[in-house]
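Labels A, B and C are assigned to the chains in the order they are written; within every chain, residues are numbered from 1.
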Amino acid sequence: MANWQLIEEVRARNPLVHVITNIVVANDLANGLLALGASPIMASAVEEMVELGGLADVVVINIGTLNADLVASMLAVGKAANAAGTPVVLDPVGVGATAYRRETVRRLLAEIQFAVIRGNIGELASIAGVDWNARGVDAGSGDTTQATDIALKVAREYKTVVAISGAVDTISDGEHVRTIKNGDPLLPQITGSGCLLSCMIAAFVSVTDDYLTAVVTASASYAIASEYAAKTLKRNLPASFRIAFIDELALLHTHDHEKLASIEEVR
Amino acid sequence: MANWQLIEEVRARNPLVHVITNIVVANDLANGLLALGASPIMASAVEEMVELGGLADVVVINIGTLNADLVASMLAVGKAANAAGTPVVLDPVGVGATAYRRETVRRLLAEIQFAVIRGNIGELASIAGVDWNARGVDAGSGDTTQATDIALKVAREYKTVVAISGAVDTISDGEHVRTIKNGDPLLPQITGSGCLLSCMIAAFVSVTDDYLTAVVTASASYAIASEYAAKTLKRNLPASFRIAFIDELALLHTHDHEKLASIEEVR
Amino acid sequence: MANWQLIEEVRARNPLVHVITNIVVANDLANGLLALGASPIMASAVEEMVELGGLADVVVINIGTLNADLVASMLAVGKAANAAGTPVVLDPVGVGATAYRRETVRRLLAEIQFAVIRGNIGELASIAGVDWNARGVDAGSGDTTQATDIALKVAREYKTVVAISGAVDTISDGEHVRTIKNGDPLLPQITGSGCLLSCMIAAFVSVTDDYLTAVVTASASYAIASEYAAKTLKRNLPASFRIAFIDELALLHTHDHEKLASIEEVR
């Protein structure tokens, strides 16, 4: 269900990943992508979005610290990428938190065809129009068995691959459903760990046409890297973990994925 | 004078801390708040400020990399928080450095009621209208015995709690004055160490009505965490210290505050 | 050719370095400048640029995440600094990647006199109008023996000192050419390692009128710091390296530059 060979593929092709992102996590995304063997570019001026949408190997749109100027840039780069046949990944950070975010994501979904939408369950529930007890940019708590239904619904409605991140990751292309049970508990304690996963998924999506496999492989290898990182720590503390984790992204090709991956075919 | 129980209170309640902040320190603020057990959100679009000002448990306004759009958002979120009875903390970064900063802070103080104002002595001297040899965003040097007078003056004029950070922290609600003599010398060598303290103060203010005690407790436990962090280092160097310090914020509840806190009741 | 005494000079004078920069690297630039003994300020509002351009000891303009507002601020601060006789350093991040970047840099070069322009060879080739196989914000690959010609051409045309960073650094004032063969291979794997070098060059330029020597000294000591940093690592991995590297910037005055520097006088 995963194709670990894609890890070497990313390193060999060094894809240009264009990310419109937020002021909180931009540095980690860039360093994480570099560690992975990709090449990040984080421009956001509307004047250069059409050019970059055509130039990049993949585009990531993250709405974390959105504003009117950035939304114009997101629309421009997304449409340009669509026109060029370049895949686009959406990270709808905190979409349920405000009307402005819901409205922006509605517009992005209406005007851009996304290859992948990745978020936590609160975010995907908001897109699906399902009640969920989200809170700010956090996932909130609720019935996680709903994840499969939400993933299927959003994937079908927007003809995309959906990745719902959490203690269990749920991934669907609207027909198949995969779950991944990997990842150290420190990972969600780092700001931007979901945002960086979206970028990593983008890098994998840029080197294959099989998006479902790309998303499963990226998500599983990312989670497994967090397990390796935790093992290097003297004390299980978040700031040290963050450094160790980005280090492990540079070692992805050395990890024993066959042995550690806990991926299930739910459907 | 401090109430160490508030540390557990923050962890138990996981307050939603909405921060309008700057591009330099946003990542450390988010990771620091997460380590503390709070839940950060860093939106800044004016379109969503009224909603977030009502939703958050506390709001922090940091003027570090302000611009006209952000000032509009600061005013909107501050007023919305005031209307909802949600406390607002001001971090007037480098207020004395330019006329634009002075004018912006004057306007924020006129239109928003702040629960706490935290800055270095150069910044608070500027707000108090007292001559001070500040420099850029640094505190500058001058007669630190003035801190008590400045803290009292600003606290009274703006009916707020003032925290002046430095080798000695000076905290006043306009009547009482407390000083704290804790903290490792590496702490001010990290960019944003004051900004993160403002966020930490905000988290503590969100779980009690006794703001003076909240500010004293947050400031003292923050400074003591820096002492613990320094002890874990092989070499006293700033980047390693920064990681160790954020790690210690996740261990705040394990520190021996009773033994280490050096808090004085000046008035 | 280098003047290691400038390291102590920077620490003694604690220059105020005003940086207009991007959301990806702002934190590292601030912490790196603090480690070096300089005092960073990262404002970007056009309303305060004239004042800061006159106040700062040196100004750095980095176009990494430029937009129309920031370009207006860059022009304002650059002209104010020129009027005050304050040196200005340009970091033309990814200038070749889009027409908007090329046009912006053309305008900055026409309206501001730069003391130094620092970039990778792809960026300087773009400014020189020389064909080069650049890619996004990366240098790309090509004939590095061209570096001398490109550095001389740009330095003469814009009456400035040019620093081309890479495995070999090439520095020219339009007459003399120096190369530096120092630096650990992990350094370019960190996002913003070039941006931080521009800031470090700025700090050195602010304490002497001999810009060529300042740039050579800053570049060589920066590269040598990366060699020291790599030696402290248990595993050669990028996130750990980044922390170790900023730590070494605080130890610059302890490094054995005489022994380690590999500087050549090419012309």
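Rule of thumb we're sticking to: a residue touches a chain if its C-beta (ideal position, glycine included) is under 8 Å from a C-beta of that chain, and two chains touch if they have at least 3 such contacts.
Computed from a predicted model, the values in this text were never measured in an experiment.
Enquirer: Answer with same or different: of all residue numbers used at the interface between chain B and chain C, are over half used by both copies?
Expert: Shared-number fraction below one half, so different.
Enquirer: If I superpose chain A onto chain C using their CA atoms, what angle of rotation comes out, to the nearest 5 degrees?
Expert: The rotation relating chain A to chain C comes to 120 degrees.
Enquirer: Roughly how many whole angstrom separate the Cα centroids of chain B and chain C?
Expert: 33
Enquirer: Mind pulling the chain C residues that touch 2 or more other chains?
Expert: Correct list: 22-23, 27, 242-243.
Enquirer: List the residues on chain A that touch chain B in their complex, please.
Expert: 22-25, 27-28, 64-68, 94, 97-101, 135-138, 189-192, 235, 237-240, 242-243
Enquirer: Could you list, by residue number, the parts of chain C that touch chain B in their complex?
Expert: 16, 18, 21-23, 26-27, 30-31, 34-35, 39-48, 51-52, 55-56, 69, 242-247, 250-251
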